[in-house]
Every structure is written in structure tokens, then in C-alpha cells.
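Residue numbering begins at 1 within each chain, and the chains themselves are lettered A, B, C and D in the order written.
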Amino acid sequence: MTQTASAAPAWQVAQWFNTATPLTLDALRGKVVVLTAFQMLCPGCVAHSLPQAARVAALFPREQVQVIGLHTVFEHHEAMTATALRAFLHEYRIAFPVAIDQPGSDGPIPLTMRAYGMRGTPTLILIDGEGRLRQHLFGRIEDLELGARIAGLVAEAAALPMPAAPTPPRSATSDEAACSDDQCAIDMDDDKR
Amino acid sequence: MTQTASAAPAWQVAQWFNTATPLTLDALRGKVVVLTAFQMLCPGCVAHSLPQAARVAALFPREQVQVIGLHTVFEHHEAMTATALRAFLHEYRIAFPVAIDQPGSDGPIPLTMRAYGMRGTPTLILIDGEGRLRQHLFGRIEDLELGARIAGLVAEAAALPMPAAPTPPRSATSDEAACSDDQCAIDMDDDKR
Amino acid sequence: MTQTASAAPAWQVAQWFNTATPLTLDALRGKVVVLTAFQMLCPGCVAHSLPQAARVAALFPREQVQVIGLHTVFEHHEAMTATALRAFLHEYRIAFPVAIDQPGSDGPIPLTMRAYGMRGTPTLILIDGEGRLRQHLFGRIEDLELGARIAGLVAEAAALPMPAAPTPPRSATSDEAACSDDQCAIDMDDDKR
Amino acid sequence: MTQTASAAPAWQVAQWFNTATPLTLDALRGKVVVLTAFQMLCPGCVAHSLPQAARVAALFPREQVQVIGLHTVFEHHEAMTATALRAFLHEYRIAFPVAIDQPGSDGPIPLTMRAYGMRGTPTLILIDGEGRLRQHLFGRIEDLELGARIAGLVAEAAALPMPAAPTPPRSATSDEAACSDDQCAIDMDDDKR
């Protein structure tokens, strides 16, 4: 499988969140990249794939694994704007880097989604330490299998002769969210504005 | 408790979804009303209170219990617009009537939310067959207790001398959603537009 | 439905746990009885119906609702002995009264199970305040519906002219279990015995 | 960590289930061993660690990973007999090999449990392809982390010069269980015996 895996297409990004500088496949050489393509109004993404991506980000060291969210809006474009996504990331306390996939000029499918041939959301993409596309999955994967697949790629990357890229500082997690997992409380100062 | 319960404040609504005609407390006399105040970007609402409300709507006959969603936006107003809510209701397949709480003119808290003195979302409101506010809960309630509380109010309403209002036709559930619980698939015709 | 419900058959019990005196249908008149028939080696009972019964016992006042477990062993009799059941109740912290169904003399099905015509485990039996069998369900019922059904019977019982039987003292919950929900720890003195 | 890991103690077994021949650490050289120590009356084992072990057995090839259950009875010995365990494995459809830890002669703690210094159940033990103890965990581990740890050891084992032991035939899974996950049904012939 390793020999035949092809290079992962570059990401075409309109805007980044949760990172000081844009991320690129080239700069991430030496790390395993776990990319989760999602839409903020996709129920399966909200219930399963984004919480799973957060668990991956919490478990694996940033020096070995980079988790990235890719907002691939292919429907309800007027509802899933950059402004709405910013609020979504805040309320759901998503702290890993998230990119907005570049909208296409001739159809509803954004450019990175099209380049990867994704069929919908959620889609999970695993990229190895040499920048090759190693897994492309539309739908759900269980934690046990995902943990095993990532660890397998990490073990491969550890055996590579090239040094891993220097670790960027971990982006600060916003702590201002008014919502816990269970509820959103009114900031009592709000009503006085 | 029954004697001292006060009349539930009227709802001030900017827009209704999933109902041909606006719903009012007066017209719902004789029925138990289960009102769930939510925000589409409130994680606890999406994970718990809205699915629970859908279970209530599926279990109890419409002649006895009316479930209503109230979109009480008190934060991120620019993200949780009527357009965004429409897409949200579609993707999450919410078929019971939903009202947008009327925005306030002098602060972020909308009018019905303020009239009920709600502290945030999710908030559950139970109204008995005589239009009285019988339960106001901020946060989560377990299904077993909620089922018992609603059934208790239904039993009370059944003992009322007044006839129940005629049942409105059940609003059709949209079946066009491209998303299942687990994933959103691209409509293959989309890319050709 | 009320008029045609028949009297619930009497229970034939080999042994009681978690109660100072045997319980009988007659003595429970005025209360709603929630009887859950189970086997300690029945996965659905352990995962669903027994935890649900414990939630019912925690939610409804003992003056209104009596939860009872009935150990209806119809298979693996050599494994599900009274000794094994005692240990099971201890480790699973089941505090409501539990009866061992009287074994039959001419087959594997115990006598109460046979009298009720139960098809297996878990089976849920609801008995109203007048001692009538009102619900008989083999398999699973959701909490929302169960809460509603019990509350409906409680409302009926509250309207009965007869007084509820005096409440027996709540049986003490054992607190000595060495197991939490997640793990069983060795009592460090054990090894020295 | 690898250099300092010590050899895993040998297992002292009173009886095996679900395997034609006893398993030994020596014969398993070249494979990763996932050993889950449990008691059939330990709630956390039944709810979490045994289902997790079954998921591991289903995911990883038998040529790479051997899952083993170890019944380490340190309390309620009279309830958790070999006969009871046999019925338990049948009803819970546990198909991977299970060993009964050899009872001790001078206390309640069985011999393998004592040799490993286990503190209770569930305990997870990971042994690498060279027979070394690499992980000892009392309590719960999440699937994502467990999948990663096992895959890491599998990657190590794949790099070993020694050949993996020949794969024993996969033990047949019993299909006669009268219980599904949700319920146990009476075999209708039972009553006629």
C-alpha cells in the first residue's frame, strides 16, 4: 500500500482559524496529518467526527500528529458562512486548526473537496509523514481502528530519515465560551449592553 | 402547586417554521405544551434537548401534547439567522413547530426569553391544559422524569371539563434532507449546476 | 382498558432479598407496582432493564411506586443460584426488593414466570393500584414511555378512594460493595486472611 | 521503555475455555498479547472491558494480536465458579480464549493475579512480541488510546527478526446462545422437557 500511495493534493484555503500561520502539507512533512472534512450543519460531523478529532488531538503529541478540520461547504452556503463557523468553533470549543475550503467558481463543491474527490461529510483523510494520502473514508470509523491506523503511520514516520519539522507553539484554547457541553448560560452583563 | 401556578406569558414570535398557522397559548388550551428553548449553536441543545423534544413529539398524541421549539438567540446573532435556522431544521430533520423568538430592541435577549426569565439554553417549559406555567427548567432533565411530568399534566388535562381544541393537521415532515444521522452526501447533480 | 384488565397473578417466591418481610400484591394495594423479571446472566437485563428499574426506584416516591425484581431463572440453573444472585445484587448495588421465582417441579420455567405467561427476560410488568395487570412487555421500553405509563397509573391510583397501605421502611442500601461502576478493587486486608 | 520492560510472568491456569489447547506466553512469541483480567460479577468488566476486548479481537488479525480473558476471582468465589463462568461466556457470546486464574492456597487472590501484582478488575495487560510486559492498567482505557498502543506494539513485532508462531485455528464461536444483546428468549421446547 505504501508504495502506491500518491501525494496528497495541496489544500486550497479561503481562511484559517485557530492557527497563527497557514498550514501546508510541505511544512507538515514528518508528521502524520489527520484531516477531518466537515460542515457545521452536518449532524454526523457534530455528533461523531469532530469530537473524535478532538480526542485525537488530545491523545497524540503535536510533534507526531497534526489534526486539521476542513470546512467543506457544499450545501446551505448562505447559512454556513465564515461568521457562523467562527461562532460554531467557539461554542463547540474546537481548538485545533480549521480551514475553510476555497469555494468553487462553477458549482457548489469547494476546491479541495473536489481535488480529493470527497463524496460528502464527514470525510476522514490520513496523510503520512511523507505527504502521501493513505486513507480516505466517507462516514464513520471507530476509535479503536482510528487509533491503530494513526499509530501505524506514526511508527512509519518515526523510522523516516528526515527530521520532523519544528513544532509550532500549541494554539491557545479559547476559554471564553459561555457554553458547557450541556448548556449555554446568559452572561449576566449581556442584558445591560 | 396547581393553585398557585401563574398563567404562562404569551409568545412573541418573529417567524414560525413547520406550521401552516402561528400557534398561540389560547388556541392550545386543553393540551399540554412542551416548549424547548434552544439555540442552533448550543451544544447541549443539539445533543440532548432537541432529540428529546423529538422523542416527546413521537410518543405523545398531538391531541394531548404540543411540542414547540423556541429559538431564543441571545448571542452570536449574526450567525444564528433565520436562514441558518431553516437549514439547521432541515438537516437535523426537526419536524415539530419552531418559533423564532422576537429580538429585543434594547439588548441581546429576545422578548419571550425575557418574559419567561430564562437563564440560557436549553430551557424546558411545561404548560398545562389551562395555560399555566407548571415547569421551568434550565439545563437537562432525564427522559424518565420528563415522561412522568408530561403524563401527569396529560392526566390533569383529561379531567378538565373544557373540550380540547380541534387537532390541527400534522405538519408534513420534510424528507428531502441529504443528511442522515451519520453523514451528509453530495447530491450528485449538484456539481453540474 | 381499565375495565377489562385482569387481576395480576400472585407471586410464588422461593426467597426475598432487600426486604425485611415478603411483599405481596394484596399488601401493595394503592401503589403502582413495577416488576422487572430478569436473569443475572441476561445481557439485556444487566445493561438496560435493571439500571432502568433502579432509575424508577430513585425517581418515584416509595409511597406511590414499588419496584420489584423477579429472578426468573429458566436456563443455566446451576449457574444462577441464590448464592450467585446475592453476590450479583451486592456488586451491582441493587437496593430494591428482589424475589427468586419459585422453581417448577416439571420443567425449567419457574412458577410465577409461567403464571404470567412470560416469554423470556427482560419482561416488564406494570400493576395498578387495584392489583390489576396493566402492562406486560418482553424486551425493551424507552425511559420516556415508561415514565409516562407509570405516572398515568400513579394518577389513577391517586384518584382511588382506598387509602394506600402504610409505607414499609426503606430497606437500607448496602454500602460495602468493593465495586464501583467501573472497577472492583481488592480489599487490601483480603490477602491476609 | 522497551529496554527496561521485564518478562511477563507465566500464567497459572486452572481451566481454559474457547481454545482447543492451552495458550502460553512462549507459544505466543511474535504476537502482541492483550490480556484482560476480569470477574464475571464486576460491573465495569461487563460493561466496558470485555466488550472492548471483543472489539480488539474483531479488529486485529489473529496472526498479530492474541486477546485473552483471565478470570481472576478474588471475591465471591462461591458465586463465580467454572460452571457459572461457562454460562456467562455463552450468554455474553465471548469467543476469545478465557483462562481461569489458578486459586491460591492461602488467600482469596489467585496466583496469576498475585504474580502480576494486579490491584483488582478490570486490569489490562499488554505484552509485546518478545514476551515483555509493556502495559499494566487497572481501570478503564479509551478505545483510541488502546488501538494506538496495540498498533505500536504490532509495528515493533513486525520489525522483529523472529518469525511469528504459526496461527492456531480460530476457535469456533458458539451460535447457540438464546440471548441477543437485548433479551433472552425461552426456547419453546424447554418447557416440554
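Note that in this section a contact is a pair of C-beta atoms (placed from the backbone, for glycine too) under 8 Å apart; a residue touches a chain by one contact, two chains touch by 3 or more.
All figures in this text were calculated on a predicted structure; none of them were measured in a lab.
S.K.: As a test of understanding: of all chains, whose mean C-alpha position lies farthest from that of chain B?
M.R.: The chain lying farthest from chain B is D.
S.K.: Just give me the whole-number Å value for how far the CA centre of chain A lies from that of chain C.
M.R.: 49
S.K.: Just curious, how far off is chain C from chain B if you go by their C-alpha centres, in Å?
M.R.: 36
S.K.: Indicate the residues of chain A shared as contacts by at least two other chains.
M.R.: none
S.K.: Indicate which of the five shapes (line, ring, star, complete, other) describes how the chains touch one another.
M.R.: Its topology is that of a ring.
S.K.: Go ahead and list every pair of chains that touch.
M.R.: A-B, A-D, B-C, C-D
S.K.: Chain A touches which residues of chain B in the complex?
M.R.: 39, 41-48, 74-76, 78-81, 83-84, 86-88, 90-92, 107-109, 114, 118-122, 138-140, 178-187, 190-193
S.K.: Give the list of chain B residues in touch with chain C in this complex.
M.R.: 52, 55-56, 59-60, 142-152, 154-156
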